[in-house]
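Paired with subunit B in one complex and with subunit C in the other, subunit A is shared by the two complexes that follow.
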Partner chain A sequence: MMRAKDRLIIVAAGCSLPAVFLLGLEFASRNGWVNPTFLPAPSAIFATFAQIILTGAFFAPLVHTLTLLFVGYSIGCIAAISLGVLMGYSRAIYNLFEPLTELIRPIPKPALLPALILFLGLGAPMEITIVALGSFFPVLINTVQGVRAVDPVMIDTARTFGHKSPAVWRRILLPASAPYVLAGMRISLGLALLLVVTSEMLSGNGGLGDAILSAQRSFLVKESYAWLIVLALVGLVLTAIFNWTEKRVAFWQAPQAQ
Partner chain B sequence: MSVTALHQVSPAPQGARLSIDKIGKVFTGPSGGSVKAIDGVTLNVEPGEFLAIVGPSGCGKSTLLQVIAGLMSPSSGAVRLGAQDVTGEPAHMVYLFQQYGKSLLPWMSVAENVMFSFRHRIVMTRSAARARCDEYLAMVGLLDFADHYPWQLSGGMQQRVAIARALAAEPKVLLMDEPFSSVDALTRLDLHALILDLWTAKRFTAVLVTHDVDEAIFLADRVAVLTHRPASISEVIDTNLPRPRLSIETRESPNFLALRHRLLAHLLARPGGAAHDAR
Partner chain C sequence: MTQLVADNETQGLSGPKRSVSIGVRVRNSRASGVLLVVLILCAWELSARTGFVQSTNWPPFSTVMATLVVDVTDGELLPLILSTLWRLARGYGIGFAIGIPLGFAIALLRPVRLVVRPTIELLRPIPIPAIIPPLIFLLGLGDSLKLSSIAFATLFPVVLNTIAGVMAVEPIYDQVAKTFGVSRWTALRRVVFPAALPFVLAGLRTALGLAVVVTVVAEMIVGQDGVGYYLVSMQFAMRAADMYAAIVLLTLIAYLLNRAFILAEGRIIRWTRLREASGDAS
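Here is the complex of A and B:
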């Protein structure tokens, strides 16, 4: 166990690096070492950021992005878990779907955007679809592995007490594979955020991705960076929520590994 | 029932005779080859009897027990409990696994694990279920750990939870697959005494598969010796040791030692036995 004092030193050292970085940018920008039009001083960016927050301007784009993210991510994860459980459980179903999923999985998802725009236009349906598609595959692969890794002893335990198939699924297969599913959902969350921003930039009708790109196109460079900070915070908060949830859903994993 | 009740007069044996009738099991490999694991095993276990099945490792004794439990279907022959054929998982038989670490579900507390064995079968209030759970946890001395998780307990404690869970289902037949082989030697002696206490109190039929000759003699009324793979019965021996059996005294009695000698000689003499493996 690390002593509190040692931990404090490490945390302080870790925090000092971003501070040094920001200070460096501030100097570079003020002294004209970089073009201040392209890279305004962090202090100026933070002032703009504060304005966005205080005027409530952040609200609409944030809600737009989070809604698309939530809907697309949920659809992707639920579909992937459903199919993944079936594919993990049954060889036949796995063999049926594996060629199809292996065909689509390796395609970098942004490459599908032009086709999706043709079919779905530039609105929310296209954005939600691409987020769902991106979220789908990591969760699918992990769920298949997770279900396969369930120890037969666990399933036989349920059977010997006379639990029928639905109960075995709900009470054994799902919780036992949950840590794997969550590992996949963690990867998907990052991908979902990436895709929602990319598709918003392409659509240009709202959201944080649109805000970043529109500001840059209007030469509102400070605003563009300020929106980037909002996006970074969104990522930070989402990761924190995810960690919190994971610790509670798969609470038996960490202590068991010790 | 409280812990002290274990030492009161035991009830009459419950349940029906377990008949294992010419069981055979052949495994077919993916390449089409087949392996005969069990070859015509016939055994009758009377209600309330404690039967041990010993055999060299890899002889197919676990397979035999899984067939008896209905977890695996036999290639030939049949298992009957009373007049009923065993197909699927019979309601009155419970299988106790060697790997308590995998059999106890880590996302359920000790109490939830125990209730997992009976709650779905019986319509009962939460408090009634908890009372039954507590009764069995008290019998194995783990009432204070009801709200712990299995991974917070030692190996011996985990196997006691598994035993409490198996018995909380109130089976007529308890099938035990080397349940004491993954705990340390002292804990094992402790669990032997515990299982005999519980068996005396509840009078279920017990079938124990083990490779430990001492364990088989100490616990059982009869010991069935299996041959090397494919498993068949080579001998069934009555232990005829008085009950209650005492952890130290019984194991030092001349009769115990004579049985031990006979069984070990029998197991080691055969080609393909343990002595053969050691070469």
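Here is the complex of A and C:
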């Protein structure tokens, strides 16, 4: 009984801030305290949002964005984990690639977009490349650290008990470094989403980033806010899926600080 | 103090120094990696010079660096660099001036935590460039739009790390402070704040990297000046060497800012530890 009441208080408190904000905005917009042309009433924005959802207008841009994100993120993560494991495991490989990595890593990734546009044009290859590049480095750094953090005694023990290299990899190195790799993949996911939206904005070839910027350029104010809601939902759902997966893949690891 | 920071630097890269044989030293050196970088740059230079890659988009490396030097020294880029840095500093400053107090309030006051934290969790996954188009309607194309985006991006890592840092303060510190009859405000200032500082700084460092990225994005999408805008203009003008020079420049800015932050961070946290160790807190 008490716990149900506590939970109610928590939910009510959490909802109060968005509710007050939205109601205040609705009121201000209807009474003309703010210019409804530039800041439409939330109810009008939600009506447009519902229209985008119900007519299925959200579908093509959403699929476009998610496809680019998924392909680019997968390429970036797989490449980074592969190289990261090697660099973490072998000192020689680490020494070979470390200077190159440190040279490319500090590039603010959106700055590469104009160069990539020159080479790859405005289409999907350019967008996938930038997402993959952006995803690559956080995962690489974390994977190297993760593999290095594995207690050598564990590896030696496994060897002593006659485990061959593949088993050592599968049973010890990969599981023990998984929490680090996932922490890197979490950073990369946020960056990948940022980059896919930016590249779609610059290329204007479809996708949610293109939709939101086109709406702004055509002065479709309500649509522009409605697409922002769509993008926020995409971010929320992807984060939720990531958290859900992380809990199952690295369940032995205590939750990490941000 | 300087030496201690320097020691941390070397340890961060290759661990504590041990006396090793020459063979091991050669194997552990980064010579192979530096050689790889040189080879790649040579390949870039040669492929452009010999016409192996025939493209106006592919100027030799030396041309890019020469262009960078010329663009900076003849004063074409200098005002743009300053405008980008000034924009970044203001947006970042607003972000952390809001973020740190907000983080403390959320961590220390349960009512604030209950009311504000869910909203933060709700807003955090928004891809930051997406807020730019709607904000254009509210703020126009000027600097306030860019500053808001940069501040928005800075806010989340700072708030979340501040919360984590304050929550991670050993309760015993607070109890000791109470036992000695220290006022709530003094305890906050001299016990909780220094103890949470390493987390806060980690958040600020993450935020700095993100703020640079968002500054570039904002300048690229709705630019009127700044290096990000210059970069896109050079792409449109097909002046490839200037474009690459701008990329190198932005990379240098990002790298140097990060380095400077790490140096400052080392000093600040060192100071915190010294104070703690010498029992200076009241």
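Everything below uses one rule, namely that the second predicted complex is superposed on the first by the 247 of 258 C-alpha atoms of A that agree within 3 Å, B and C clash if a C-alpha of one lies under 4 Å from a C-alpha of the other, contacts with A are read in each partner's own complex, and residues count from 1 in each chain.
As a working rule, a residue touches a chain if its C-beta (ideal position, glycine included) is under 8 Å from a C-beta of that chain, and two chains touch if they have at least 3 such contacts.
Fair warning: this is a prediction, and the values are worked out from it, not measured in the lab.
> Which partner, subunit B or subunit C, is in contact with more residues of subunit A?
Of the two chains, more subunit A residues are contacted by C.
> Is A:L213 in contact with subunit B, with subunit C, with both, or with neither (first, second, both, neither)?
So A:L213 only meets subunit C here.
> Given the touch rule stated above, what does A:F119 touch, subunit B (first), subunit C (second), both, or neither?
Only subunit C is touched by A:F119; subunit B is not.
> Return first, second, both or neither, reflecting whether A:L228 touches subunit B, subunit C, both chains, or no partner chain.
second
> If we overlay the two complexes on their shared chain A, which of subunit B and subunit C does A:I9 touch? Say first, second, both or neither.
Only subunit C is touched by A:I9; subunit B is not.
> Going by the contact rule set out at the top, does A:M201 touch subunit B (first), subunit C (second), both, or neither?
After superposition on chain A, A:M201 lies in contact with subunit C alone.
> Quick check on the superposed pair: does A:L103 touch subunit B, subunit C, both, or neither? Answer first, second, both or neither.
Only subunit C is touched by A:L103; subunit B is not.
> Check whether A:F161 is in contact with subunit B, with subunit C, with both or with neither, and answer first, second, both or neither.
After superposition on chain A, A:F161 lies in contact with subunit B alone.
> What is the shared patch of subunit A, the residues that subunit B and subunit C both contact?
Looking at subunit A, the two contact sets are disjoint.
> Hey, which residues of subunit A end up touching subunit C in the complex?
Result: residues 9-10, 13-18, 38-39, 91-92, 95-100, 103, 106-115, 117-119, 190-191, 193-194, 196-198, 201-202, 208-209, 212-213, 215-216, 221, 224-225, 227-228, 231-232, 234-236, 238-239, 257-258 of subunit A touch subunit C.
> Write out the stretch or stretches of subunit B touching subunit A in their complex.
Going through subunit B, the ones touching subunit A are 66, 69, 71, 89, 91, 93-95, 97, 99, 102-103, 105-107, 116-118, 120-121, 149, 151-152, 169.
> Please output the residues of subunit C touching subunit A within their complex, sorted ascending.
Contacts found on subunit C: 27-34, 36-37, 40, 57, 111, 114-119, 122-131, 133-134, 136-138, 157, 160-161, 164, 168, 199, 203, 212-213, 216-217, 220-221, 228, 231-232, 234-235, 240, 243-244, 246-247, 250-251, 254-255, 258.
> Quick check on the complex: what are the subunit A residues that touch subunit B?
Interface residues on the subunit A side: 151, 153-154, 156-163, 167, 171-172, 175-176, 178, 251-252, 255-256.
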